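For clarity, chains are labelled A, B, C and D in written order, and residue numbers in each chain start from 1.
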Amino acid sequence: MKYSIFGESHGPAIGVVLEGVPPGLALDLDAVRFDLARRAPGKNALSTPRREGDEPRVLSGLFEGRTTGAPLCAVIENTDTRSGDYERTKDLARPGHADYAARMRYQGFNDYRGGGHFSGRLTAPLVFAGGVAKQLLAQKNIYVGAHISTVYGVNDDALEDWESLRACAAKDFPVLSDEKGAEMQQAILEAKNEQDSVGGAIECAVFGLPAGLGEPDFGRNAEGIFSQYLFAVPAVKAVAFGAGTAFALMRGSEANDPLYMDGGVVRAEQNCAGGINGGITNGMPLVFEATLRPTPSIARQQFTVDLAKGENAVLELKGRHDPCVIHRAVPVIEAAAALAACELLGI
Amino acid sequence: MKYSIFGESHGPAIGVVLEGVPPGLALDLDAVRFDLARRAPGKNALSTPRREGDEPRVLSGLFEGRTTGAPLCAVIENTDTRSGDYERTKDLARPGHADYAARMRYQGFNDYRGGGHFSGRLTAPLVFAGGVAKQLLAQKNIYVGAHISTVYGVNDDALEDWESLRACAAKDFPVLSDEKGAEMQQAILEAKNEQDSVGGAIECAVFGLPAGLGEPDFGRNAEGIFSQYLFAVPAVKAVAFGAGTAFALMRGSEANDPLYMDGGVVRAEQNCAGGINGGITNGMPLVFEATLRPTPSIARQQFTVDLAKGENAVLELKGRHDPCVIHRAVPVIEAAAALAACELLGI
Amino acid sequence: MKYSIFGESHGPAIGVVLEGVPPGLALDLDAVRFDLARRAPGKNALSTPRREGDEPRVLSGLFEGRTTGAPLCAVIENTDTRSGDYERTKDLARPGHADYAARMRYQGFNDYRGGGHFSGRLTAPLVFAGGVAKQLLAQKNIYVGAHISTVYGVNDDALEDWESLRACAAKDFPVLSDEKGAEMQQAILEAKNEQDSVGGAIECAVFGLPAGLGEPDFGRNAEGIFSQYLFAVPAVKAVAFGAGTAFALMRGSEANDPLYMDGGVVRAEQNCAGGINGGITNGMPLVFEATLRPTPSIARQQFTVDLAKGENAVLELKGRHDPCVIHRAVPVIEAAAALAACELLGI
Amino acid sequence: MKYSIFGESHGPAIGVVLEGVPPGLALDLDAVRFDLARRAPGKNALSTPRREGDEPRVLSGLFEGRTTGAPLCAVIENTDTRSGDYERTKDLARPGHADYAARMRYQGFNDYRGGGHFSGRLTAPLVFAGGVAKQLLAQKNIYVGAHISTVYGVNDDALEDWESLRACAAKDFPVLSDEKGAEMQQAILEAKNEQDSVGGAIECAVFGLPAGLGEPDFGRNAEGIFSQYLFAVPAVKAVAFGAGTAFALMRGSEANDPLYMDGGVVRAEQNCAGGINGGITNGMPLVFEATLRPTPSIARQQFTVDLAKGENAVLELKGRHDPCVIHRAVPVIEAAAALAACELLGI
């Protein structure tokens, strides 16, 4: 299954084509809409007030409610666009954004309105694709879940099991510990009040993957496959599996998870490896953490350059911006993980 | 340029095929040998005493000292193999190793001797491929360098510039601060004395990449491309660009590197983004950190399972093992980065 | 540039996503519409009376009339669908069609109405993609043209130059010799009167490709690249470069085109090789012929099987069918060739 | 399974890396050697007297006689090279060869000795790879066979069944009708006596492929997959499936193979489609014909250009050349077909 996302924030529509969808899946569009709603802006004070229906229209690959096996295309029209916001500052490269890099890459022809193709809005079709992937995984009793593990240094509780993550999916602010979640939201609102934003991290797990998927080599390595999907999510800057960066503080005797037999199945005591050894799944939950940079659009005055004039400049952004995207990003990370898991399974 | 690594630790030979090498490169084999020697075992008390000449024999793609443009194959014969070491424990899954995952993936047909295709020895052909890549990059004034940033919690100094990394390449223990390096080596030797091993991290930078390489989308994203190469290096469990996991502790106003004009070139004050915005290079040095798990082969008694019997078991490894691979992994990470940079450049 | 076609004949819409379009192309949508009109049905007695506006709506990748470099998606709504035609015979595998193969591939979930995703209608988005490719090629003075070389054994005149192909593009029935074209049309109408259809062949040339594109090896071979695009066109069953199948009747002394210098450029006297030697372009026009099978949908009674019952059956097709698709396929073959040429050029 | 061929005619060695080989195959190296011997030169008056042992050395991916699942590399050393033959004429582009195209592609750095990487000798590692593929197919009761269908206009009998092709494999000159074969050999020897060469065609069939493999779309289309492998074989200039170019002479009522039930299986009466409809296998034998151009190396005087001087020139080749490669190409076409069949099966 390959996905191809298209669209710009202020163009006619955004969407996705999924090639290689297995035929016969009775696609539950309500489940997909549920994830789209989790990602949607405008829910509360933590998010941009932009409101989009985000209703996907399936153009192909679905017949009598089931996937046909032919490419599946879903389109979401853009309706609530206010492009005027962006015209005024179009030559001022927003720090932390891709404006300058994109101008170099696309020779200035990229659609700059609302970030164009770089907009976080493009994660909606990714969530759609991930929704299809999740339903394919569920047929094999494989489940993907995620929670906010950190916001601006405030950490959520440690992940214990699938059920706790399932509960997270129903929350507006998906954390294991609502107490910690309240602290995180406090940090977000403080940043918002100071015309600032915050970064964070999301921990995600795939439960039920069989052992023996992936290979050590380039291109077929389980960690490599997951990371490629994850870094395609805007704002992700770090990806760590299992104990992750803590491995740099550990000894082999700590990191080498003892193995034991559990009713005929080999299991690891701590799952330090995050479900992957040598690029191959080991049957334990596949666990990783993705770190997201703070939203770069902030209302504060910032120093930057005017790309048209080639001069230093001062930027004051207007428009509608999120002080934190981390809670909206949870279903996006799940979507990327679900698509990666499908690739690993050869779906 | 695509690379394809083959071989097993105790098979006849290991090697690599590089497809798509640009024609006309006067390949400096001594420079490649230098990197192979940096990676080679047996240099000091920190490494396994296994000694291999690691002399690559180029079978194709080189004519009168220059690359022809046809696939380049280099082979390194295995000479110093002592397979008997492994026969005794072949059914005991070594914790932290891929033994169990590999048995599931390859249905028990994988060559288990010395880790077979999973052996760290397979990084030698990767270093060869990276050596070719480095020389192609040098033609464009692009340079790759790396240093050990952490060993078992001991951190090296912060990276300042290319020259300091160039100096690292000549060191047996490649750190910026030799004082910190001594502390790290002390930590390694302590672990060794306790029949244990330690993990660490390597920071790597690519200098001279032009702005405008990569794309935001899946498969063409700069971070995604680098991470795929990096996770194909054995033991790498986390990859972080720029400020990396510290983004989760930051506000937008800190993370949003102000931009300024520097002699007609747009530059970022701090390079928090690690040279990449929106999946596209921004002309600043591309900087990332890769975390490596502790060497899983340790001489201590470990609890595990006997895969043939399906029973819990106790493992005591003999053989030759590294208490730390981090110093030997520096040229390997550089090689992966050089290959990734070539892909980004369309070489 | 990669294309991804989606849609079914009787679904909501068909379309294409083009990834990797170079930024800055001032897309001439009228030129694309011109090719779509050449492909469109309903023009004359030779074609199915189904009428579709075939008006493409560009959803993304175009901003202020120019390509942005982000994925370009174009959608064509389906309007004139009469699905009832197909319900009656849905279990009767139409001979020559993919009905049985598709049922096996898609486990019966494929959309059978009007051939679903297998419909010739899906060549409309391919023509759109090819139209973009042609405009990119024209920027480099590269042109693609084609003519009907054979219909039911009636051959067109031999191809001489680019200008004669350019003239073909304006014709309803694109042949070099209108006299031969009249004979061909006679053969088509005779077949139509007998409730039958006819096959044919299209000769296509790409003018202006530089020498030195492609490689001998699998995956990068010029003939391999072209053939992959061509066989993705429905009904194509043979692809031959240069002298093609006539090579089996030739001696080396005939086939070995003498070379000569022509104002500093190496040229071949006859271009037997069709512009490709060893998988690499040689600077001569790239010439190939694609053979298309007769339209399988014919109104005659045919023997077949009922796939639901697993019994022999007799089929009498109703619906709207072409007695020949060869004239409508000319812009489709051009589109496939234009996309292949772009791949060869690294566009 | 991906293959990667390396080497040059007069370099140290040639070889192949096969990635993705399923583990556990008890590789029958004698069967591989048998195919290598069928391809080898020097057997009789029809071939070049160059003699190579063509003994493959397996460097990796094989352990205790079985494939491990890790990349399999086989190397064949070059021993009988006489490079001096080529030095004298290295700037004279041999008509029909890739000399000029290669010089443009590789900027003159390609190894010109004996055609370098373009040499027909590189088909030896392809036959090795195909030999592995054949053994994997045989595990699924799938068989590949081929015969010479035409040499210089002399046609072999029509293909009837698998058993007749199996018999061909044992013949020095693999035809169904030895009488026709004698005529063909006569045509070859006549050409040889006149310092010339001849072209021909090979018909190949894959028996036992299940229905339902492949897809209509680009990149996954059965004909597209096969053609890509076939055009990577040197000298192949046309590929035709089923009735092939004869479709241009047919009516739908002839081409539309009636279907019928045969003991619960859907079968086509004539297999005009060559086992593929809509890019998907239909369960009938997959049949195609590949046309090979005459060997371009002929001893006759030929007009050409001197690439160093940029002048017209006259070429008289010395060295060892085949007046016909068609009989030696039979196992090569089989190898390409076997690899394509594996890709189609997802092996």
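Odds and ends about this structure:
Just so we're on the same page, a contact is a pair of C-beta atoms (placed from the backbone, for glycine too) under 8 Å apart; a residue touches a chain by one contact, two chains touch by 3 or more.
Only a predicted model underlies this, so the values are computations on that prediction, with no experimental measurement involved.
Taking the CA centroid of chain B as reference, the farthest chain centroid is that of C. More C-beta pairs in contact connect the chains of A-C than those of the other pair, out of B-C and A-C. Look at where the CA atoms of chain A average out and do the same for chain C: the two points lie 39 Å apart. Computed centre separation for the pair chain C/chain D is 27 angstrom, with centres defined by C-alpha atoms. Chain geometry summary: the mean Cα position of chain B and that of chain C are 47 Å apart. Among all residues of chain B, those that touch two or more other chains are 4-5, 19, 71, 105, 117, 217.
With chains as nodes and touching pairs as edges, the resulting graph is complete, every pair of chains being joined.
Of all residues in chain C, only 19-20, 71, 217, 220, 346 touch chain B in the complex they form. Those residues of chain C that touch chain D in the shared complex are 3, 5, 93, 95-102, 104-105, 117-118, 122, 150-153, 191, 196-201, 210-219, 221, 223-225, 227-229, 231-232, 234, 236-245, 247-261, 264, 266, 268, 272-274, 276-283, 291-298, 300, 302-305, 307, 310-312. Within the complex, the chain C residues that touch chain A are 2, 4-8, 11-15, 17, 19, 23-24, 57-61, 63, 66-73, 75, 105-107, 109-111, 116-117.
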